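Pasting the structures here.
There are two complexes below, and they share chain A, which is joined by chain B in the first and by chain C in the second.
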Partner chain A sequence: MKKSLLAIAVLAAALSFAAPITASAKDITLLNVSYDPTRELYQDFNAAFSKYWLAKTGDKVTVKASHGGSGKQARAIIDGLDADVATLALAYDVDQLHEKGKLIPKDWQKRLSHNSSPYTSTIVLLVRKGNPKGIKDWDDLVKPGISVITPNPKTSGGARWNYLAAWAFAQKKFGGDEAKTKEFVGKLLKNVPVLDTGARGSTTTFVERGIGDVLLAWENEAFLAQKELGVGKFEIIVPSLSILAEPPVTVVDKFAKKHGTEAVAKAYLDYLYTEEGQEIAAKNYYRPTLESVAKKYESQFPKVNLIKIDDAFGGWQKAQKTHFSDGGTFDQIYQK
Partner chain B sequence: MSATATTQYSSYRNKVARSRATSEPVWIRYLLTTIALTFLTLFLFVPLAAVFTEALRKGFDTYITALVDPDALSAIKLTFIAALIAVPLNLVFGVAAAWAITKFEFKGKSILITLIDLPFAVSPVIAGLIYVLIFGIQGWFGSALVDNDIKVIFAIPGIVLATIFVTFPFVARELIPLMQAQGKDEEEAGLVLGASGWQILWRITLPNVKWGLLYGVILTNARAMGEFGAVSVVSGHIRGMTNTLPLHVEILYNEYNYAAAFAVASLLALLALVTLALKTFIEWQVARNAIQHESA
Partner chain C sequence: MQFQYSKFAVALLSAGILSSPAIANANDSNELEELRALVQELSQKVKIIERKDEINEEAAVAAKKESPVVKASANGFGLESADGKNSIKFSGLLQADYRSYQDGANDVRNRTNTRAGSLDANGFHDANDTALLRRIRPTIQGTLFGKYDFRFTPEFAGGSASAVDAYIDARLDPAFKIRAGKYKPFVGLERLQGGSDIKFVERSYVTNAILPNRDVGVSVYGDVFGDKLSYAVGVNNGVVDGGNATTGNEFDGSKEVTARLFATPFKDDANALSGLGFGIAGTYTNIDGERNLDFTNTSAADATRNGLPSYLTDGQQTFFRYGSASVADGKRSRITPQASYYYGPLGLITEYARVNQDVSLLTNTTSNAPSVIAANSSKTLSHDAWQVAVSYLLTGEDASFRGVKPKNNFDIDKGGWGAWELVARYSEINLDSDTFKNKNTGSFSTGTYANLSESAKSAKSWTAGVNWYLNQNAKVQLNYSHTSFDGGAGIGITAVNAAGTNIRDRQSENALLARFQVAF
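So, the complex of A and B:
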C-alpha cells in the first residue's frame, strides 16, 4: 500500500515535470541573458514585446530572463547557457562570445545602429540625503574616511565603467600623468570596503544595508534607488566628467539557429529601437538613442560632460587589456 | 537485598549532588544560562522571527501571492525534483558505502572513507565549477553533448548533479559510526544459521540502523533543498526554469521585493523547523529504544 502510494507520488511528480515541456512546444520561448540592473527594464519590455508579437504574427512569445554581473553572464553563455539574445553591460563581454565561444560573428557590433546599443547610460555618484560628507566630484572620493561602494571590475560591467570614469577624470586632472592617475584610482579603491560581484549587489549594500557614503552607480540604478527605493533618502551627484556607457545587445547566432528563433530574436532587438521600446527604456531611466524620445525625456537626464571609450581608451579590447585583464592596472593597484 | 541497594544508590546520588565538584555557585550557573540563552536568542530566534515578520509585514495576501507566483511555484517544483532524485540515490549509495566499510576488510578502505568526506571539505562553488568544466560546451564532453542535443548544466540535470554531490556524505557519515559500534556479531550469527545475504541486510542490518538511516535521510533532504552555492554555479538563473528556492530568494531580494523574498525564505525556514522536529523525534525514539534494550 505504502509502496504504491510512493509510486503514484513519483509518477505525479514526473508527469507534472514533463507536462509544461510538451505544452510550450508550439509557443516560442526566448532566453535573454542580461546584466544586473536591467531587471525592471526587461520585465516591462518583454511584456510589451509579447503583446506586439502576438498582434503581428499570432505567435505567443515568452521571454525568459537571467540577470547577473555582465562578465559572469558572458562566461555562462560561453559555457553553454543557451541565450537567444545577450544584452550585456559592455562590448568587451559580447566580444568574448565571439572570441572564446565562436557563438557570434566578429563584426556583431555593426549589425545594429548606435554600436548595437539601443540605450545608453552613464556613471553618477549617489550619496545619502543632505550629502553629509560634501561629495561634489571624483576628487572627493579619494579623501580619507570616505567609504565608496562599487562592484568588482573583474565580474561586473558597471564596475568597469566606474573604474574607467574615475581613470578618465584623473587623467584629465593630472594632464595624462600615468603614475599620478594610477595613484588616484588606487586611493579611491582603498576607500572601498566591499566589492560585490554585480551592480545590483552594490546597490543593495548601499541602500538596504546602509554601508558606505557614496555609491558609484549606473545612472539608471541611481534613479531607481532614489525614486523607488528610498524616496527622499538619496541624492544624485553628477560629476564634472563621466563616461558614455553603451550597453550593447546581440542575437546569439549559434543558439538562436539551433532553437530556430533567429527571426524572433532579431525582431526582439529591433523592437528595442522603436518608439515603444525607447519609451520603455526612458521610463526605466536609460538614455534613449531615438531622437524624438530623447527630446521628450530631455529634462529627466542631467547634462553631463561625457567622454567616449573609443576616444579616451581606444575601445574596449584595449581598455580591458590595459586595465582589467590579469596583471592589468586594477590588479597592480588592488593587490598593493 | 535490592531495597538496600536502591537506598544506598540514592544516598550516593544525593552526596554527589551536594558535593562541591558538581554544584557551582549560583551566580555562575545563572551567568552560564544567560550566556547560552542570549546566544540562542541573538543567533537563532531573532533571525527566525525576523524572517516571518518580514514575510508577513505587507499582510497575509502579499505573502500568499508571493508563494503562488508562477516563478515561485516553478522554483518549489524544481527544488522538490532535485531532492526527490538526490535523496533516494544518496540513500542507496550511503547504505552501500557504510556496509562495505564496516562489514568488510579491503585495500583502500581509508581512501574511500576520506573520499566520502570530500564534499564536506571542498567549497560548494568548486563542486559547481567541476560540472561546468566537465559538461559545459567548452568542457570535456561539451561538443558530444551539443551534438546529441543534451543539456546538462544550466538545466535540471546539472542542478540535480550538483545537489547529489554536496549531499552524498550525509547518510554514509551517519551510518558508519553506528554500524561500527554494532559490530558484525549479529550478521555472523545470521550467516551461521543459514541466512542469505539479502536476508541479513533486510532482517538484521537495516532494522538495526533504521533511526540513523532516517536521520541521515532527513539531513540529506534539508541540505538538498537548501543548497545555494553549487547550484548557483550550474543554474544559469533563468527564472521560471532553473531557479531553485534559495536562488529565487536571492533574485527577489535583489529586485527589492523584500516581502516576497522573505515569504519564500519562510518556506525554507519552515523546512528547517520540520527537520528539527523530526530530528528531535528520532533522537527520542533512539533513546527509548536504548532504554528498552537495557531493561530487556
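So, the complex of A and C:
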C-alpha cells in the first residue's frame, strides 16, 4: 500500500515536471518571402526543416511561403509584408531591405558563408525538342524570326541575370565596345514578344502557352521544365558563356524580432547550409555550395564558363544603376 | 476572350486557305511548307496576344489588390485602402423642422423679451410657430491602421458653427477601447442613440433635461462576456444637466466621473428575450460655486456660468430657470437605470434619471462684481425624470436601436410605400419642492433657488407620432405633444407672495412637431 502511494507520488511529481515541458512546446509560423522559381525547392525544404526543428526543440514550425518577381518581393517587404526571412534572386534586392526599409543591417551578406548564398545557379537556354531553330548560343537569339522569352528586368531577378549574361557575352564578343554590345542586347530584346513579371510566368509562357523558340531561364527552372513540366518536349542548351547567379538569403531582423522568431529564422537559414539542406537544393536543380554534396551531384550540372557579377559588372549596386535603374541601358534600348 | 481570338485565327486561316490559289496546287510541297509556316506564325501571334491579355489581367488583379477602393453608397461616400485598414468616409445629417403651437408660452413667466413685444396679462409671451433647421451636421470619420477611428462632426444649425463631435477611438481590443475628445458621455441610453435614429422629434426629459449631452474628456469602454456586457468609465470636464460642453477650457478644475454598465444577456438566443437590454449609469462631480463672474447668462445651450441648467418642454420652450442668485456649489451626482427591448416590429425604451445638485445663493449678482455665497444658503436639491416610449413598425420591418431600413422604398412608379411606424411616449420631470422655498423660513417669495410663480415644478408630456421612412436615408416625422405643468404661473404679473397662495399652474403646451430628415 505504502509502495503504491509512493509510486503514485513519484508519478505525479514526474508528471508535474513533465507538464510544463509539454506546455512550453510552441507553434511557430515563419514567412519566407522568396523569388519566383523557388516554389518547389522551399516546399521540400520547409517540410524537412519543420521535421528537423520539431525533433530538435519540440516546437512545431509552419513555414509559409510567398513567391513572385524578386524586385517586386523586395518592395513588398519594404512596404510592410512582414517576412521573417527573405530568399531572393540577387543581392541588390536584399540590399534594398537595408537601404529603403532599414529592416536588416548593412553587412547582412557577411552573416552567412558564401556571401549568404547557400546555393547557386546560372542562366541557360531552353529550346523545344529537336531545337528546330538551331539555337546554340547567345548569337542565335538576335537573328530575325527568333522568338525569345524572358521576364521583365524591372521586376524579375532572373531577368536581370539573363540580361547581364547576354551583355557579358556581347561585351566579350565585341571586345568591350559598348555601342555594339548595346545594339546586340537591343536586338535580342526586340525578339521578345512578351515580358512576364517573373521567371515562373515566363516558364508558363514558354512551356504551357507554347510561345517562343527559346526561354532564357534559371538552370534549375530549365531542368524543372525539361524533367517535370514537359518531359521530352524541351532541350537545354548551355551557352558558351553565362553568369554565376548567387541567390542570397537573410533573416529580416526587424520583423523576426517583432514576431519573436529570430532564433528559428536563423536556424532555418543555417539549415540550408547543412548536408540535408544542400541535398534538397541539389535535387531541385540548384548548385550546392557544400563541397561533399556538390561532388555528389557533379554530373547533374553541365560545365559552363561562368563569369561573376563582381568581376564583369563591379557588383550588383553598379550593375543595377548602370542597367536597370530608371534611364539605365535597359530603358535606353527596350522599345515597348 | 481567348476563345474569341482562337476563333478569329481559325476563321482567318480558313479564309486564307480557301481563297488562296495555292489550294489548287496543294500537292506542291513548297507551298505547303509556306502555308505551314504561315499557320505557325499566325498561331504564335494569336498565342502572344492571348498571353499578353492574360498578363494584363493578372496585373489588373494585382493592381486592384493595392488600389484604394472608392465607396459610394446610401451609407455615405468614402475611400478605403486596399487592405481595408485605412479609410475615410463623408456622411451627413440634415433635419428641417416645423413647430406649431396651439397653446403654450415661449419661456418662464415674467421673462421679458423685447423682440417678442410686451408680456401678456399673465406675464407670458406665446410660443411662436417656427420653421428651423434643427441639425446640419456633415461628418468626416475614418480609420487609421485598422484600429484608430476618428470622427469630426461640426454643427451649423442654430446660427453658429460648433464642433458637436470631435474624438478619437483606439480599439485596442474589443474589451478595451479608449475614446478621447468631445463626445457623448457613456451615460444616457436615448442619448447614445444617433440623432438620425431617434424615434421622436425631440428626446425625453431624461435625456434632454437631466443627463449630459456632450462633454470633453476621455473614456475607457468595451464589451466583455461575449459582447453581452458593455462597460464604460470616463473622466470629463463635466456639464450641467442636458449640457453640451464647449471645446474650450473648463471654467473650473473639477472633473466629472461617469460610469455605465449595460447588459444584453440573451442577445445570442433566438427567443423573445434576445432583444432585451438593461443597465445603469451615473455621474459624479464636486464643484465650487463661481464667485467672480457675470451670472446674467443662464442659457441652457451651454455650460451655464452659474453651473446650473434651465429646463425645456417637449416643444423646446423653457419652463424652468433658477433664480439669478442661485449657483452650483458642491456635489452633483446623477443615476440612471435604463432598459430597451426590441421584438419584431415592437420597440421600447424606458429610462429614469435622478440628479442631486448642491446649490447655494449669492449675495451679489451684479455684473462683473465679486460675489459671495450667502451664509447658511446651501442645499442639496433632487430632481428626477422618467420616460417610457414604444414604437411599432406597421410595414413588417424589425425594430432596433438603430435606424429603419424599409423593406420597400417609397417609389410612386413601382408602388413602394417605405416603412411606417407608430410611436408613443410618456415622459415627465419633477423638481425638488425645496427649489422654490427659502431654506430657513419656508417662504416662497424671498431666498428661494427658483420662483414657483415663474418656473414650473413639474412637466408631464404625452407624445404620439408617426414616422415615415421613405428609404434608409430619408425620414418624415410628425409628433403631437401635450404637456401639463405644476406651478410656473401666478395671478397677473404680480410677484409671488410668501405663503405661495397666488401660484397657479402654467398653461398647458400643445405642440405639433414635424421633421423632414436626410441622413447618409
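Just so it is clear, the second predicted complex is superposed on the first by the 308 of 336 C-alpha atoms of A that agree within 3 Å, B and C clash if a C-alpha of one lies under 4 Å from a C-alpha of the other, contacts with A are read in each partner's own complex, and residues count from 1 in each chain.
Definition applied: contacts are C-beta pairs under 8 Å (C-beta built on N, C-alpha and C of every residue); 3 or more make two chains touch, one makes a residue touch a chain.
This structure is a prediction, so every number in the text was calculated from the model and none was measured.
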Checklist entry - Just chain B (first), just chain C (second), both, or neither: which does A:186 touch? => result neither
Checklist entry - More chain A residues touched by chain B or by chain C? => result B
Checklist entry - First (chain B), second (chain C), both or neither: which does A:328 touch? => result neither
Checklist entry - Touching A:315, do we find chain B (first), chain C (second), both, or neither? => result neither
Next on the checklist: Contacts for A:201 in the overlay, against chain B (first) and chain C (second): which applies, first, second, both or neither?
Outcome noted: both
Checklist entry - Is there a shared patch on chain A that both chain B and chain C touch, and which residues make it up? => result 201
Item to check | Touching residues on chain C, where the partner in the complex is chain A | outcome: 44, 47-48, 50-52, 54-55, 58-59
Item to check | Touching residues on chain A, where the partner in the complex is chain B | outcome: 10, 13, 16-17, 31, 36, 39-40, 64-68, 76, 78-82, 100-101, 200-201, 204, 208, 228-229
Checklist outcome for this item: So, in the complex, the side of chain A touching chain C is made of residues 147, 193-194, 196-197, 201, 205, 209-211
Item to check | Residues of chain B that touch chain A when the two form their complex | outcome: 77, 80-81, 84, 132, 135-139, 142, 146, 151, 153-154, 236-241, 251, 253-256, 258
